[in-house]
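Would you mind keeping the following structure in view while I ask a few things?
A, B, C and D are the chain letters, set down in written order, and residue numbers restart from 1 in every chain.
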């Protein structure tokens, strides 16, 4: 079988060929197509799709640092907030950017969101260089600290920017700076596709292997030649960048921001989706976010009031008994001699 | 013959404790160097200094004529030094093959090879250490001996010129030790390696090493062929404690037990 | 080996199908599915949380016979979270208005057709996080014709961009903050008096009684309360009172030890401010527990709710609050006739009766009243417009100048700000709410200084 | 005038700091001994508050009885949490690896989701408290500051409790074995201490104290909402990191330091801009957290590892 494997995977090692052989890729393509079909055929409302894309977006963003490198960032909502505030403040105060965001079938909004993402990424890179020296719970606690630091700083700074209009940390965009939903959809969709591609590429690249090695045993990885510090910072920065972009477009969708964007609740969403779906894969967060979306709705319908209590219990069961999540669990099995992990990655 | 590694006056302190005190030695390409000494002598610390995990307080490490002192571990690994861990550190949730692939991807040819090529390199290393049939198992399921061999395969995948083995034989039974020694010998020839090994299994290291360096409380107290070291009175009193042991090692070496 | 190859394809196929299913799954999160879900949800929440059988009939099962169709009005209510109290009153207020429109008024007359009104709502959990999503849902999935804003300025601000994006008229009943109306939004109109006017009459009252009063202004640092405070500050200056201490506190604050101590150190003897129910109650409670010798207390929002009295008992007596409306106000069809404007909606007596039916025996506070008024305001505008088109209705709002049980309603055409309605001052006296200001509306004279407040 | 405002804020900061320090004692024990980071800290604190509230409002029992009940409920809750969540993850292992640490983190996190939403379900989000109840006179005047007696009661209880816990860990055999496990679980098991028993005991004491502290938090805050969890949990982390893992006295001192920093920075910022004094003062606590983590992760009172 080992020999057969050799032939399958190809000793010539064409990277492209390697990517194309993965059924995962096909699944991902179908997920993207599903979103498009739902949108174009009008089978599902824009807001439902936006919510699905938002969930998927934040899960896949956090996945880069939590799923691959094993650093559980409990305060990751900080980048959601940074991205959101960066976006709204930019279009609030800078007229050219406000004009740009309405152009090019959503490409303009996408570009402004990239700027917002870059701001989040810059913070992630500089802060990451410091906090990524910490491991495990200390890292988690430090990110929570970051989140609250940012929250309170924004609460302090935002009202000063325009004392007439901004109270607390709430900003709403003036009527002429709101973007049509269709354009926001396009920008979000583009972001999601790129995010999926980045996740998939990382998973299949030496970078991803290095991150996984860091997750398994950072010291061993370091000695084996993995440039751990650099890899961690790059992963954290990427995660910050995409979370920031999603946060920016999420705020644009709502026409404004307030401090709830920093809520630990958002971090909770991200972590739960990854934990349910399975750490360290691309499919994990994708499936996890879909399950979470459905679960959330389902529990809401049948058990209103206690829905989130049940969710907590489900998470506990997953953590205690299926610590690797759905995909992680499937990866361990074979179907008719084929290791599912070959198909699921 | 060219000197592949020069350790020049390396001192490493941890607070008040001096783990390495002006340790100097050099080794030639193709040599197997044994590094022995009682627990706490500073052997693993010295490995960590060579691989860049620790930065020495004084002294230099020169690899192939280049000063690599204080460079980060991943840079040093890429220059051609690989190390196995005293306590095995397999990546438990990765397969054996993937474990070895990490070595290949971040070893000498880091960033120059594709995943496919890395797989092939990894596979060859696994074959060398006799783990080819376990390639698709998760590392967590291996026995201790297999894990030790996996450490070796992972290091080999990096395609090093200098291999540092930290107690690779510890915890193995006599039969496994013999097998492991055979593998090390085979690997050395096939890969044209230079090897430094920390070892407590005395007869093994006496048997396999060309030269031996003895550390004691951070100091180098002796250096030479196994016979010279075994007969060195300082080593005998400081390390072996009982002269009769030394005699037995020499006999074994001569008799090829 | 061949077997391996084949099974690999089989597995690949299986996963292809899974992929298709996942893709289709997203596609099938179709309007029908989600709508039924969430609508059920809202009704489930309703049943468990708020409505009594009587109210259910008004909103859900009034027969469409005789109506040309149904006008759907969408909103979110804070059934959970920090505005849960205010939210519950607002919901009952909406239901009263709808009951009156459908059962008493006989439906909204649009041109020559008569429409029934129905309310669709979700629980926003008092969090602005959920508001934009829920309003989008109301517009795109539930296809509501018009919107009512959520309770509180913060949530109204969160909902406003969505209404604007979709060009749907939204009537604000609990978002008093002026700043919303200065952002160029075209589709938001206000039914209640803007925040900047809230404490104005309280300040006037105090200035009449005690020109030397030393005022401490302690308020929540959020859109609504900060605007109220700004309005109060302007009025304090105008009337020549002394503002000796000013402090905004964070949302969700419950402990006021150092703030009250600072204000006491500054020598303040009048406390003005507050924010919403929770913080306002805590502020008064702790001022009392700390023995602050206050002559006058004017707190926004919190004292209007019956729960304020339940929690504070004797400490509630003497506390004043500005109200958009209070039981006992004297707006009537006759008063409307005197002003030469039209009367619309139930009279005050009818209103109290209807509210009792809807809430299962409850009495309304001004949060309920402003909610009712908002729906009446909207209904009138629809009738004036003679169309269900949002732009037409928005234009009609500019022409509406009516009097209701809630008072006069008239907006500033440019901004949508309410300019017709006036506030009253209410004071807790011996466990009862009494309108004490302005004199022409007063039921009792104000107790100032509140001698007994800090003595026990 | 300015000085009296400083005094007011420092006194208030001190009074709050003691509560904060005590609220983190349970957390520091769990974290130090078992490497379990109780992410549900805030929710566990609230358990104590709500127990006392129910007994007060539903059964008319004195808040003092409620406090005692909170402690008892806390001990039971510790027992349940250990057997339901922690035993499977940390019970049998000798060395707690990073992976196990993260699993416990996630397990406690699941508990926090469930508990928080249980509070919302059962108690709603309205503030609840003892209303106007106070022990004896409602307030006393100290220096320039008026202080609610409820706060003094809470602080006194907190200080006494910290002293008892300290003496327990320092003087009793059980306490000493807990500290032994904290230093080295493996070595401890070699000298015949049953690690499972110690872990269970630690969880019961740790959770018990945390729940008990909810009673003090309630007395201090006058009323609580479920949202209070998000205020006290992160601050507890700051306190534990500042005080050093496993250090009971460190935790108390760190709490006081945070309280004083908060009070002080509030006054200083107020000089420049009173509008932003609260958020800036709160952010200083978290800036301290990050700095400590980066430069002295063992905490100011912790031993170097």
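To be clear about the criterion, a contact is a pair of C-beta atoms (placed from the backbone, for glycine too) under 8 Å apart; a residue touches a chain by one contact, two chains touch by 3 or more.
What you see is a predicted model, and the numbers here were worked out from it, not measured in a lab.
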Neighbouring chains common to chain A and chain C, by label: D
Two chains joined by the most C-beta pairs in contact, as defined above: A-C
Identifier of the chain whose CA centre is least distant from the whole-structure CA centre: A
Between chain B and chain A, distance of the C-alpha-averaged centres to the nearest whole Å: 42
Euclidean distance of C-alpha centroids - chain A vs chain D, Å: 32
Mean-CA-position distance for chain C and chain B (Å): 74
Where chain B and chain D are represented by their mean Cα positions, the distance between them in whole Å: 49
Shared interface positions of chain B, touching two or more other chains: none
Residues of chain C whose C-beta touches two or more other chains: 221, 250
Where chain A touches two or more other chains, by residue: 1, 155, 159, 305
Chain pairs that touch, as defined at the top of this document: A-B, A-C, A-D, C-D
Chain B to chain A touching residues, read off their complex: 51, 53, 72-74, 77-78, 82-83, 85, 89-94, 98, 101-103, 105-107, 110-111, 113-120, 123, 132-133, 135-136, 154-155, 158
Chain C-touching residues of chain A, taken from the complex the two chains share: 1, 3-4, 8, 23-24, 26-35, 37-38, 41, 43-52, 155, 159, 164-165, 167-168, 170, 172-176, 178, 180-181, 253-256, 258, 260-261, 263, 265, 286-287, 290, 293-294, 297, 300-301, 304-305, 335-338, 340, 342-344
For the chain D and chain C complex, residues of the former touching the latter: 1, 4-5, 8-9, 12-13, 15-16, 120, 124-127, 131-132, 134, 138-139, 144-148, 150-151, 220-225, 227-228, 231, 263, 266, 274-275, 278-279, 282
For the chain A and chain B complex, residues of the former touching the latter: 1-2, 5-6, 9-15, 18, 204-206, 209-210, 212-213, 216-217, 219-229, 280, 324, 339
Chain A residues touching chain D - in the complex, by the definition given at the top: 70, 72, 74, 130-131, 133-138, 140-142, 144-146, 148-149, 151-153, 155-157, 159-160, 264, 268, 271-272, 275, 305-309, 311-313, 315-316, 318-320, 323
